[in-house]
């Protein structure tokens, strides 16, 4: 133990900060700081609890249940449980990978992220307080994370927390752990599988139904853990038969397949494409691993005669364990249809079985895949004509899509266009079919109605690049912290979009054009690779992949989100020289006050997304979510009118300073793309902006507000500290408004603001809300 | 690593079995065996899911939600989550203890459970495959458990399992982990705090309101982790002031306080006594730690002016962290009422602060605690007279207690007896008060109505003894496995009793009298210590504390449940010489077929109880729960009429043998005490019973059925293999019934059964349902 | 023939306010509806619960059901008073939990070997215990369930309304059923 | 004055079948009830949502509300068409999420400084997004909420019934309100 510490000290000169391997208590004070300002908001879905046998209990109007818990605290507990499940998912994934890779490559396999990354694993450094140099070192972080999960989940047991604030603190804690776990997973797979290492210029990969060569056997992967599908590539490469097969997939599994194959694997689409792909009849074999996979995958594949290989112990799907069977036996069982699927948690065997099965199935139909949602038009119209407009489908559809109107219009006019339009918005969840008293195959009707567009869809996604380079950080650190780069927009998460998928591109294009830094990952990254403009190009094809103003950097799959948080941390370290090691609160405080980064999830749906967002929140990064995000039940929303809550300690002037409400929310759900755009620009403002930076940020904020909201925003004056903050083109106009509408005093000769702002701008302004940080740099206790 | 293995091998000669440190997959086959026979039964509380933002989804009639999950699978997932939370609770507890004790005593502190326990940690041996000799060794088991929690919780994320069977397998897995965690916690505290070590003759400790000397400052502890309250004893002992204070408490916290203090701490009552105690105004200071504590504890204490010290990071209760404050500052803040409570996660400081606060508060009122639910009778009647019989309270009460009738009767006749009667059943959850439109203090009314009985209640509980001795196992192993001891009844769990608490004693007294082995723990053990008979004696005072026929052994707090599972395992090992090390399936198979132990939880309410029960189930031990247990949503219920499901491999005859459905359920909820008694006797029957054993078991089963159900049970004939199985006294009568009602052939000369039984009895019968076990002992593949 | 407002029946308040589901709540019915259901049923059965041990009137009613040819599955110890009054229950030892599991199995032949039951009447149970079983049957079977309880049972197909304020009405409704069989 | 069967109004089917709660569902109301509520209110406000960008008729109605003296909080970008038609919203930049958080704060003085609002009308929102906000206000505030939507909103205090089958009826109900203010 001591030997180890000394060895580490030699290796890593950085001094240990105050909170290495923090438990629940260590960062509670930081959380309470955030929660004081960004008050939790609860929007209950259900107003009762039935988690213990004294219940069910009516908690409506914030009543207390049998255990004494009230509605708010019960919701905060549920959020904590969700974040635990989210973290456990990335953790289960990371642990699988790590154990497997260590077994294969050894504990001492080095972590080398290429010459441009010297500050590797910034989250692990900051949170855990270690600098991992080998796969074995990652285990130390892993074990700490597992320990914390048990502790936090413990707190969700009946009869623990009394305060919703403490549950929020725990949710933040386990979500910070979640970021550590994502980092472990992605670093492990990058170094072991030689995925792109912080490379801005990664190849483009094909996306969409249209790019799959249907004259080859088609192997389709779905899920999140490349560990199980990579051996398919290895095996085919070894056999020299890569070109004889199509390997395509959905969601993060294929995301990472494109990273290990240099863009060779093809992307069908995001998670919402599962039923589209299966019911199209294109796959010859399906490989599922874990997370976000349809829970009726086996049923769905069986109905289409597609053999299924389930690989992860997180989703064995009730299938027989074929681990010990010879390859021939497995292939035979699947090809003959003796078994609809097998559970095969042995990656190497999956690599052999999948191609053999695909080939045999392909031979059966000879590439003549007749099935395209319906065998013929008659079948389609038979289904459409069954509809009585009973509305059951509409009242169960997550988006209340007007299927009734699409059907009625088609019945009356033989025109499928209204139904086709639904395809652009439909997430193919299939609930409509469950609710339909006539058992209409509604999903198939919708897909068939838009068949040509869907089936010929083609696009390009830039392969996941992995981490951000230290050099990139060096270039953009100062302009971000000073504000000249108006912000970093990180579009991450799932595909439960409130609107047609193209709205995602519309939102982000605004920011790319305005030379914000845009980063993306997960299903958002995939969707961006599927939306083409009139020239047939995706946003990737029009923008560089750098982490730089005007760039669009795809970091990779869900677990690659860690590189986005990591980039914020690296700005504090590489640009501002703040020490990372076990120094979480200082870094988060730095990010909150200085780094104009905003997370954006247009279609978040899962507990993983909840944990990712909450982890960003604890780090001081606000997150904007689409309207479905309101169903996470909890938001963090500050109140501009509570002036006593908006303050910082200024280390320079040794005083407590009132500040503008920036950012004024850590988690907010918007309703429309217009609103998303304005909020994203608005939440990039930071107290530490220089005059030039603030001027640029306000320029965008004001322009976007005028463009999308029809006028200047209500609160723009709050962000003006001096005339130098004002957008140049509008300066006079704005000064007049400040005088006439807000009663500010203006010296019109000098065009100077004399009175009005919340505070004056000071070039040496050095804000913090953490007493210990103040003390560290000011050398004295903070002022009261 | 290799060095360690060799060292272990030297230390522990036992060969490593097939499944040390099992993951989710390793024991899946065993689970599927159980689930095939004991089919999961789902009783949804809610028929919709809102765990992701695609929802909420209607799952009624087993519809599928947006992710594809159906109602059954969704319920199985919820059960898995509950078991995860239960396991995490014992795990958080164990980890706290372990880290603290290792810090205090060192990694090498030996595990010594006394001369009578050589097979210590039977669960850890069987599951983890290690033999822990020091506190440090327990860490290895702990880390494995933490890893498994993350994996299982991962599987509960949206889009993983498709099969409810696989969720059940995972629930069983994490519940087995739960048993490991309980064992870690209890062994650690026994050896570190010198709690009784497998001692049958432990002292009795006082229980009930009546035993608290109200002329001393009263310190009350509530929760589960003795780590935080033990220092109070240490400090007072050091000061020589133990006699100047009353130290009493509720739930497992005080359970374990009695174990560390040799019965010195006093027991107010089980978990359901929290509001009774607080509102009585007796406590001068309250110490809370973790689990099953009212989530409105601070509010409740504040209302009574009782200062609160919250100690565990699982329940910081929104209170300021006083860890760094000087003792005087904390005491002052609490005594002056400046703060209603503090969060003080430093055990040593709690030890000093609690007595100082109690003494200061006591000085204020001088022992003159006037408050007894109401200041005077007038106040009580004012409350009663407010009632309009609107029934809101009745429709929210977990037991639908007829508060309306009690109130109406009192209003009309001035007689409180109907209200007083409610006190015997009321769990004091307080929901009635939340629902009351008149804001009547219903709990206080009920308590005040039964004031004298409640306030003067006195009883005795035998202090928790810890593990079962190897010698005890040696004595009872054979009679249990052969059946001469008719069974082991383990009464464990929470206090959400469906009936007056005394029903618990009535049920268990049947079995004590019939010389079953009765063991108990947790709130059941406490309740048994509070129910006195006409002579004023509790069941403890009338029975020995041995693990032997006719004994009543209290093993201790919740985490001591591990010793009950451990006893079953030790029977397989010490009596039957089955190797334990990493050999779970064989041991569970042994227990299922041979060890007539049944768990019983009359008032189970928590996720911990769910995990404990499910852990017993995986080990082959059936559990009977009270009617509230139906709300756990899932049961494991076999079907006697599915003959193809009732079979074993018989190693002796090398054949697959049909067997009687024994036991025919792994988890069943009964409605009444009468039903509980009959089911417990019934579920003690095992395929391996000898003729004498079966005869004894059937004697009790038949007698109890006649006594409580009014006739012979419907299925008794299924358990008859030969005339030797028949209860002697009833032999002729039963043979006649077999002939006339069931068409069996009887040789009346020899009084022999010629035809009829499912199978014949064979003295060498050697049953197993595990192929690998069959192969191991038969030396060949099992028959088809 | 559901209970209507104009009939002056008490409102159907759930036995437990928080036991809500998306799916339809039980139709609150008058005795005559139950009579018709029984008459139409091919294989009806009455399951009695442990509350018969605390309410002699329910025992009396159950005996009358039996005398009118409705077979009885006695659970919770209710067999004892019933047997004393001459009833021969189809089963006495299985809990309602187990009986419900059997009912959910379409292959089950019933305790009488005549096949699974198509109409199941419930009487004399702890409300919260019965509710879970009714929920299981509602979601996973096609059996028609009828709760003849003092408390309104939302997850039955048919249930008496909430009769807690008027026990006499409860008894007289039960009487009306058995008298009209 | 709730909607009764005899009025031949459509049934109040929830916008989402699975969005059930224990607490009371919204009273489905006729236009005149809304008129009365507004007239009685001390500090009413209309919050408009992003669906105004897709439905000009709703913009028209909102303008009429404004002309009748009902202040407007415009969210989701609905301010743009409203401003074009001469409306001066009290706020344009805050999301409904934020506005709801403000409404929950009893100390909030409103965007106009006159104190928190006592009656809040909602028009033009995505049903599932609005539903969560109404739920928050239902459980944690005393504000009277009125959903003027095509879909019935169960967690409002008052809501139009389900009008999805008859958009004309929806519009005419809105017209009836603004015409009677």
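Note that the chains are named A, B, C and D in the order they appear, and that numbering of residues resets to 1 at the start of each chain.
What we mean here is this: a contact is a pair of C-beta atoms (placed from the backbone, for glycine too) under 8 Å apart; a residue touches a chain by one contact, two chains touch by 3 or more.
The model shown is predicted, which means the values in this text are computed figures rather than measured ones.
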Average the CA atoms of each chain to get its centre, and name the chain whose centre is farthest from that of chain A. C
Which one, A-C, B-C or B-D, has the same contacts as A-D for more than half of its contact pairs? B-C
For the interfaces A-C and B-C, which has the higher count of C-beta pairs in contact? B-C
Cα centroid separation between chain B and chain D, in whole Å? 51
Round to the nearest whole Å and give the separation of the Cα centres of chain A and chain B. 41
Whole-Å distance, C-alpha centre of chain B to that of chain C, is 32
For chain B, give me the residues that contact two or more of the other chains. 45-46, 48, 50, 55-58, 396, 398, 435, 628, 631
Using the touch rule from the top of the page, what residues of chain C touch 2 or more other chains? 16-22
List of chain A residues in touch with chain D within their complex: 39, 41-48, 58-62, 71-72, 389, 391-392, 394-396, 398-400, 402, 404, 435, 498, 627-628, 630-631, 633, 635, 637, 639, 641-642, 664-665, 668-672, 674-675, 678-679, 682, 705, 708-711, 713-715
Per the touch rule above, chain A residues touching chain C in the complex are 48-50, 55-58
Residue numbers on chain D that touch chain C, as the complex places them: 17-18, 20-22
In their shared complex, at which residues does chain C touch chain B? 13-23, 49-50, 53, 74-77, 79-84, 91-98, 100-102, 104-105, 107-109, 111, 125-129, 132-133, 135-136, 138-140, 151, 164-165
Considering the complex alone, what residue numbers of chain B touch chain A? 23-25, 28-29, 45-46, 50-58, 63-70, 73, 81-82, 84-86, 88-89, 91-93, 95, 143, 145-147, 149-151, 153-163, 165-166, 169, 271, 290-300, 312-319, 321, 323, 345, 396, 398, 427, 429-431, 434-435, 496, 604-608, 628-629, 631-632
